[in-house]
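Some structures are shown below for you to check.
Here come two complexes built around chain A, the first alongside chain B, the second alongside chain C.
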Partner chain A sequence: MDLNMNVDAPHSMGTTIIGVTYNGGVVLGADSRTSTGMYVANRASDKITQLTDNVYVCRSGSAADSQIVSDYVRYFLHQHTIQLGQPATVKVAANLIRLLSYSNKNMLQTGLIVGGWDKYEGGKIYGVPLGGTLVEQPFTIGGSGSSYLYGFFDQAWKEGMTKDEAEQLVVKAVSLAIARDGASGGVVRTVIINSEGVTRNFYPGDKLPLWHEELEPQNSLLDILNAPSPEPMNI
Partner chain B sequence: MSSIGTGYDLSVTTFSPDGRVFQIEYAAKAVDNSGTVIGIKCKDGIVMGVEKLIASKMILPGSNRRIHSVHRHSGMAVAGLAADGRQIVARAKSEATNYQSGYGEPIPVKELAERVASYVHLCTLYWWLRPFGCGIILGGYDRDGPQLYMVEPSGISYRYFGAAIGKGKQAAKTEIEKLNLSEMTCREGVIEVAKIIYKVHDEAKDKAFELEMSWVCDESKQQHQKVPDELLEEAKAAARTALEEMDAD
Partner chain C sequence: MSKSVIEMPPKGGFSFDLCKRNEMLAKKGVSPPSFRKTGTTIVGLIFQDGVILGADTRATEGPIVCDKNCEKIHYMAPNIYCCGAGTAADTEAVTDMVSSQLQLHRYHTGRESRVVTALTLLKRHLFNYQGYVSAALVLGGVDVTGPHLHTIYPHGSTDTLPFATMGSGSLAAMAVFESKYKEGLTRDEGIKLVTEAICSGIFNDLGSGSNVDICVITKGAKEYLRNHLQPNPRTYTSSKGYSFPKKTEVLLTKITPLKEKVEIIEGGDAMEE
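Take a look at the complex of A and B:
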């Protein structure tokens, strides 16, 4: 086993991120693992960041790069909202992200998913992958864990889902990716955005279903000792 | 109306004792001496019309355009000093394209009006600049529907259902107020604007004039364009008939 975990490597979010539209809004989902090389620097990170009241962004790739891009865009959107006198549209937010990603493509390494709701277009998802393309899609996936989800979405995605169906789909997908991708893990966070506002949900790792060949989590001695009738240890 | 601001009117950075900036008021007079410009907001779009006074018989008809497209969805009709107007139109076009490049969507009409007004106002703040001697009627169609704005040389900008500037503005405003704009389509609006311009044109003082009109409405697919030729001819004919009927009384 390689004991030399490179703890000085730049923080990278291996990540699984997902954005999905449903009938009335969008659901954004992500895992929570931030790794520096082989070491998990943060096992409970929040990769879904707020840009405005009605627009959020899922971050993947370099943690620093995605944070700085989000910070700049939040600043520009704030000014834009003041000038316009009404909330910014999802399209404008996505476009600002895209302009930064494209103009700095040589220096940045970040894939982003912009999702939100506005009164003109309703719920919208925009993918801004590595090179700085801007693509509006009914759903999109990103991050290292997304490789394992392309086939899953081909089969499981359908147009016009309800809010609960969409969220279940996102949670299931992130959990499947976590099972197979070493760089994704931790908890599943979701953010639902619609005309009524924003809802944040949290699904802890041990509450997620177990997939093929996954073992029960054996967390700690404390679980066994704190159990109602403590049994002798099973070795 | 003609109050002389002796001593206080030499610079745009000087207030008079009664709180007026005379240079701006004089700039507005340049607008009042120009041909009438009208804009109306109908239920499905905006119609703008200009009474282009012809200075010489040698001028090619259709030249010296007074209505300009600022972006696909909006246009501007200018009254007053034509050269000043060209500057403002250039600035508005530049603002519109920059906004589109930066934000990925066409500039909302309200935002465009604010930027034009802000630019016009800018030129009233410094002694080494003179105010623009033109009034602007700005009409556009965005996500929030058709909107009409007017910008004065002072930099004031308001949103209107109907607006008029230039020589015949008083008479034109009275006529516009008689119209039921909320029920009118742009097709009907074109006829009405033509009638008003023909009516307020002063045959005695000014000789010939050319009517220039534009619209941005559902029929033009929310694009700002010249009113189609056959509709323009129809409007002119209707206007001349209305004038004859009036004279016949």
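Take a look at the complex of A and C:
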């Protein structure tokens, strides 16, 4: 372990972020770990940030860069909504994110997933990875933990899921990524956006399913030590 | 081979040319001058009535302790205080600057300052300097919307937390908070926990030491407990005291009242162009 860790190093959100459309809206999901090198600076961060009443963005990469980009886009969208006279569409929000990410591609290091619901197109998910591409997709994943989910989604994703199916898929996926990715952890946060509005959900770490070789959460390691040792094998 | 240099007019914004030059010099082995850092343990926590901030009081210049009792809890507004870790000059300058901006804002709006205002002003400034302003801050206060506690990192990212620690002693202090923090602490429990966390930093981190400063902010009131705990008193002091025999001798004393040099005219003409 590096004892000379620089606690003032730039923060990156190791992260697992997911955006999924379902029949009627979108579900955004994220873990909650913000790390500085090997130290977890915030174990309960909220990576799903509001841009407007009906559009949210999942942030990954550099914490500072993603916060500043989402602050600017929130401000532009607010002005845009006033000028337009009606709620902004998800496409406009995603394009504003893309314009900032692409024009400043040399200085920014942030991958974002924009998701929301508007009356023209319904629920939409847009991915804006490093470099500033804009891709509209039925589902998308991002962050360091996403590497472990590509195969899972190829198999588990299907068109026209219900709201609960979609949310359970997202929670399962984030918890799988948390199990395998060191830079993701903490709790799972989800945001469901549809015509009725926005619902925020929170799944604490001990409520998530356990995967291969994961241990039950313990109050104290001493409980494990004091457990009776297994019987010696009889040949 | 001809070299053509096109003179571009400066586009505004911070020019990072000198930063690149510093990096080049560092690669060549020229060490930068040492500057004063606050090694530091700074903490904040939210209790039932508001926010408690705590800090140690050691300032270091490389391996030397240059100030054994410095103040790391800076005033931002009557209801907002900010602890600073990192380069002492940077934390002082940035908190003074934002404190003035907040005062002007109070005059403009006629309202009490909000913690999120201070937060945004600080994070915008730090982001614009891309981490070169080495100030890591714990900002806490109570405003009309309630108690707030935020951490701000040199690159401009912020976190909102119920308890937070920063500085070189942050790991030691966070260990104390993670085991003992709970929601709805009373004022005395909160002060005790903050003192424990800072003491953990003081005794286990080389960059932190000396005394514990505490600041308790509640709705409508604040208490700045300077040197709330002094767990590192001077062990051996000479009972005889110290005498300094060689003084500067006074050779001549001459006092000239200024009235003799200046002529005061009563009334006079109004100034005209």
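What we mean here is this: the second predicted complex is superposed on the first by the 216 of 235 C-alpha atoms of A that agree within 3 Å, B and C clash if a C-alpha of one lies under 4 Å from a C-alpha of the other, contacts with A are read in each partner's own complex, and residues count from 1 in each chain.
In this text, a contact is a pair of C-beta atoms (placed from the backbone, for glycine too) under 8 Å apart; a residue touches a chain by one contact, two chains touch by 3 or more.
Keep in mind it's a predicted model, so treat the numbers as computed, not measured.
In the superposition on chain A, A:Gln67 makes contact with chain C only, while chain B stays out of contact range. Contacts of A:Asn106 after superposition on the shared chain: neither chain B nor chain C is touched.
Once the two complexes are overlaid on the shared chain, A:Gln155 sits clear of chain B and of chain C alike. Of the two partner chains, chain C is the only one touched by A:Tyr39; chain B is not.
In the superposition on chain A, contact of A:Ala94 is made with chain B only, not with chain C.
On chain A, the surface touched by chain B in one complex and the surface touched by chain C in the other have no residue in common.
Those residues of chain A that touch chain B in the complex are listed here as 80, 83-85, 89, 91-92, 94-96, 98-99, 120, 134.
Within the complex formed with chain A, the chain C residues making contact are 85-86, 120, 123, 127, 131, 134, 136, 151, 153-159, 161, 166-168, 170-171.
Taken in their complex, chain A has these residues touching chain C: 7-8, 10-11, 34, 36, 39, 41-42, 44-45, 62-64, 67-68, 71. Interface of chain B with chain A (complex): residues 102-105, 108, 110-111, 114, 143.
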